[in-house]
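Step one of this worksheet: look at the structure below.
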Amino acid sequence: MMAKELFPEAQEIRKGRIRIETQKDKVGEIIKKLKDNSYEHFVMLSCVDWIKEGKFELVYQMWSYQYKEHVMISIKINRDGESMLSMRHLFPQIETYEREIHEMFGVNFIGNPNLKEFILEGWPHMPPMRKDFDTEKFVKDFYYKIPEVKEE
Amino acid sequence: MVNYIDLTIQILVAIGVTALGFAIGMLFNGIARKITARIQNRVGPPIYQGYIDVLKLFTKKTNISHGWIFDLAALFSVAGIALAFLFLPVAGVSLLSGEGDLFLILYLLAIPALGFALGAGASGNPNAAVGIMRALMTMLAYELPLVMVIIAMMVYYDTTSLAVIVQKQANMHWAIFIPVFFIGALVADMALQGMLMEKPFDIPIAPHEIATGPMVEFGGKHLGALMLYKMMGIVVETTLFVDLFLGGGVILSVSQFGWLAYVVNFIVWFLLILFVFFIALLINAVFPRFRIEQALKFYWKYDALVGLLILIWIFVGVTP
Amino acid sequence: MITLTIAIFLMGVIVVGLLNKYPKTAGIIAFFVSLIPFFALLSWSSVMNITLPSYLQFLNFETSWQYNLGPGTLILQITPLGWFFLLLLSSLFPMVILFSISYFRSNAGGFYAAMLLTMLGSFGILLAQDMLTFYIFWEIMSWSILALVIRGGDRKAIVSYLSFGALSAMLILFGFMLLYFKTGTFVFAEMHLDASNLVLAAITLIVSGFAVKGALMPMHVWAPHVYSKSEEPFVAFLSGGLSKLGYFGIMLFMYGVVGFSLLSSWGTFRGVPLFGYSLAVVGAFTAFAGTVLAVMQDDLRKLLAYSSIGQLGYIAIGLGIGTPLALTGALFQALNHTFFKAVLFLAAGAVYYRTGKYKISELGGLGYKMPFTFLASLFAIFALAAIPITSGFAAKWLLYEAAIEKKFLFVTPIMLIAGVGAFLYVYKILYGVFLGEPRYNVKEAPLSQLVPMWILVLPLIIFLIFPGWFVDLTAPILQGYEMTAIPHTPYTINTSLAKYNTLAVIFAFIGTLIFAFILYLSKPQEKVDHMDNYLAGEPPELYDYISMHASSKYYEPFEEVFYPYFKRGAERMWEIILAAGEVFGSGARKIYTGIVGDYSIYILLFFLIMVGWWLLW
Amino acid sequence: MNHENWSKLARIMSKRSLWMIHFCTGCGAMEMPPVMTSRYDMERFGMHAMATPRQADVFLVTGYLAVKTLKRVVQVYEQMRDPKYVIGFGSCTINGGMYWDSYNTIKDLSKYIPVDVYIAGCMPRPEAIMDSFLKLFDMIDKGEAIGWQKYHKYYDQYKRNQRMAFSYRLDEVKDIKEDDKE
């Protein structure tokens, strides 16, 4: 069954691209259902920072080889420390995406045992992909202030 | 009573021949790179590049060692390969080859290989260990067809001494002109490809997979010694082939032509080993790399099958 | 004096057996007792045309001893062949005992007692001049080995040793019976054999019985189990010394009792007796299959066990070809194998003593921690791989020459490939145990373990330089078989095919080594830690621990290629035979009803048949 | 032969046989295949791509470096044997290039390891790369390519800068500044 038939509330952005907006407690159910209905490729998990709304948008993207259809499951969670359930029991590769989002946005995923440092080893500041992190200021305060090697 | 003057002369000749062997080996490195470059439509390095490389490695300012077992690699590989060269008849001139035979040479070739393996293992790098594993397995693979052909030749010529085999091929009675050994030469040439570690059998080195395998931790003078080993190895292995199938390059007899024979034979020997090496290079330039199981299956299924046919041919042909 | 020796041995057995609570004292007593065969050997050196130096003249053992027993006479007498094998065993045995003194921390009295009893049995076997004596001492040896296997405590090892030991004893006993039936005497010297099928059957049975002890395939099944599950000093003696007794027996009966000319009368192929030819083929197969199986092992002792099987296969090849060249090669291989395999097993014991591990994938980097153990085993490994800087090469070389001389076109490549395969498993030991990442912070093995190892390395170096001395040793043995020793000088061996000059090799090697050393000294160097290694730029210290030791499943591609062909091993074959035997056995069991009446009927029937047969005859 | 001549010979040898290791961090690695293969053929100069730093003489850093990558670069650089040379590829190694305001890429490679030759451009064309090689030869000939000596001499400063970058801590940068004033 195609995603449109499974979930009547889904909106079709254009042909072959479906978007489902839902709540965070229903995500697992939806992914499970889609997985059972030929949407067996988990493409990626991405995150958007809607700073004015005070929300993070998590987008789970799936693909069906049978219908050639791309489904995006979008949920919004609060920016201030709201955590999300890990989906790694459905697709093991989600673990790595969750690890990255944890590092870049600071979203906590309950049930993921591997939320350790990914690229930023020993990063002491705010997660850098949040919109309130001023990267230009950080670069000027940090990289440009590392002294040159002085030759006597 | 030992004749000290004779002994001194012999030792000096041995040193000279060894130095010559190394010199030719380094030249071959340059020639090989030049030829490969020309095949790939490049200009390539100058022909004397081998000398520059080795000198550069020996003039490196700092060298590292992973301990005394690591250092053994440099010592054993250079010493062992020079030793194997001394026991080969070169252009019909046998230095020590009367004192040992073909089995001895085959086992002497294991000294540098085992020393090298010791050093590589002592470096503690996993790539080196994997490289040695591949090298030993390639060795196991190519030895079977090679040994079959060599034993067929030993039984045919009724000797195990390489010097005698070369003598029996004098006056252009080269083994390659005998039909069975023409096929044998093809089999042995395939084995030579593995011995020289040229593609498609450069599995042990494989720079893109395991970072040059056993050599991964060697730099500076240690690598210089290993390069000497590798370059001299080319000379030793091609000379072995030439001695077996191409009469060692002897075309003039010394008793008839005197010193002229030495010069001519030497030039012919040089051209022949260059030719044998050239074939290996041509194959090297156009082939990708085998996996280790594929190499083993190639040698043991196809190459060794032809080797077995040669053995049967000799078995039926030779009466006790 | 022979009786005195035996008496001292038996007393030693009782004393050390009682001293079970004092392992050190028991070990020292056992060590002194174990030296006696060596002194006996020295005093008998005149049979090898060696004159003793004057300060050893006081050793004066009688050379023969007889005792009349009901059916025959027990005769013990030294022969050149016995002397040679006694040389191997009696020089190995004290070293093994010396090693054990520090190896055992408790409960060692039984071990020493059983070891002394084993040596006593071997001593008798080597001196025996009749089948009765031979068999008695063979059983003493076999049963005391069983005691030592039981000490290992592994059920599979005990069962396999027991069943194969029984099989071996049965085959030998049956062969002896046939020979006695044919000749009517037990004494070797009085036997006059002819080329009848009965003698052929007898000698086949006897040789296959000895092949069990010599671990020839497919009789080798017990060896890996016993070698890998018993105590290390005993395994060193078993592999190094006792396995040679099987080949002693084969040589004694094939060439001493039956003789080359009689062997030839059962058919020859290109100048080699068919009997010997088949033995050589079995030996070549053993050498190859043992090597391939050794490459696949992860347990250090199992690897050495299979390597032992493979190396012993070479001796069988030499004994099969049977020319003076081949016999010299076989004896040389026996000598080398005694020493290098004992060193390797003792080194494995020393490694176990320090680390408590036998698995190659769990060891690593001991070369820098235990340098002397490493060097001793390196020499042993050179000898095993027949690298021409130890005497191991000369033996293999003689065997290759013998095979080419007799035009063994299909056996020689297998021998050579088995030799190359030896490099593979030898490197597995080197890398897995001694090189690579240092995983254990241990001390060097204790001195009383190092000394035996290094003493056992010595012969490998002496006979490298002077292989001619060894050929001198074989001359009296070959004389007994109406053969002459191969032409030689102290440091060269000549054959009809080629010449091998050890001095040339050694001096040339030293020369080239000096050349390499000058190159090597040309520049200074600094030592770096093994952690400072190129791992694609990954600094290992950033993570908790990355193992850089790649020794687990080291030859995986090799196993992938070869495993399918070796999956159904010899063990499977014996299981099938056993299953067939069980069907027969359960049929036979129906006879044993347990009712006395039935048994009396059987006895009556038996007598009737016997009487009837006697009447008809 | 005296020491002067010897070191001159060593320089000539090292010039004519530069073995390189290239650290493929950014898009710069894309420009290496034409340089190595028949179009430009750097083997003419005896240059050769090597697989491990132990064997290499010249280090090509081909593009931007994240801090995590810098750790590996330093490790590789320290594993190379003297004399060793570094070529910085493209704008990224000079001032960060298009990553000038990225929170995780270092801006100036020469603060962390000594760089002998920089190639400007985003990305540099193969001609520029060949030119840089010739420039490096020239410098070696004149004895100007002394980056490896500088690394030994100012080891403390290089190590301090590396440590600062690895820590990401603004306060460490300030502390050193104050130390310098004193």
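Per-chain numbering from 1; labels A, B, C and D assigned in written order.
Please note the rule applied: a contact is a pair of C-beta atoms (placed from the backbone, for glycine too) under 8 Å apart; a residue touches a chain by one contact, two chains touch by 3 or more.
These numbers come from a predicted model, not from an experiment.
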item: By count of C-beta pairs in contact, the leading pair of chains; value: B-C
item: Centroid-based (C-alpha) most distant chain relative to chain C; value: A
item: Chain centre separation (chain B, chain D; CA means) in Å; value: 38
item: Between chain C and chain A, distance of the C-alpha-averaged centres to the nearest whole Å; value: 67
item: Distance from chain C to chain B - Cα centre to Cα centre, in angstrom; value: 36
item: Interface hub residues of chain D, defined as touching at least two other chains; value: 52-54, 71
item: Of all residues in chain A, the ones touching two or more other chains; value: 121
item: Of all residues in chain C, the ones touching two or more other chains; value: 532, 534, 536, 542
item: Interchain pairs in contact, sorted by label; value: A-D, B-C, B-D, C-D
item: Complex contacts: residues of chain C adjacent to chain D; value: 532, 534, 536-539, 542
item: Chain C-facing residues of chain D, complex; value: 23, 52-54, 71-73, 75-76, 79
item: Complex interface listing, chain C residues touching chain B; value: 270-271, 365, 367-368, 374, 382, 385-389, 393, 396-397, 400-401, 404, 407, 409-410, 412-413, 416-417, 420-421, 423-424, 427, 430-431, 435-438, 492, 497-501, 504-505, 508-509, 511-513, 515-517, 519-520, 522-528, 530, 532-536, 548-551, 554-555, 557-558, 560-561
item: Touching residues on chain B, where the partner in the complex is chain D; value: 33, 37, 40-46, 49, 52-53, 55-56, 59-64, 207-208, 211-212, 215-220, 223
item: Chain D partner contacts - residues on chain A that touch it in the complex; value: 119-125, 128, 133, 135-136, 138-139, 141-151
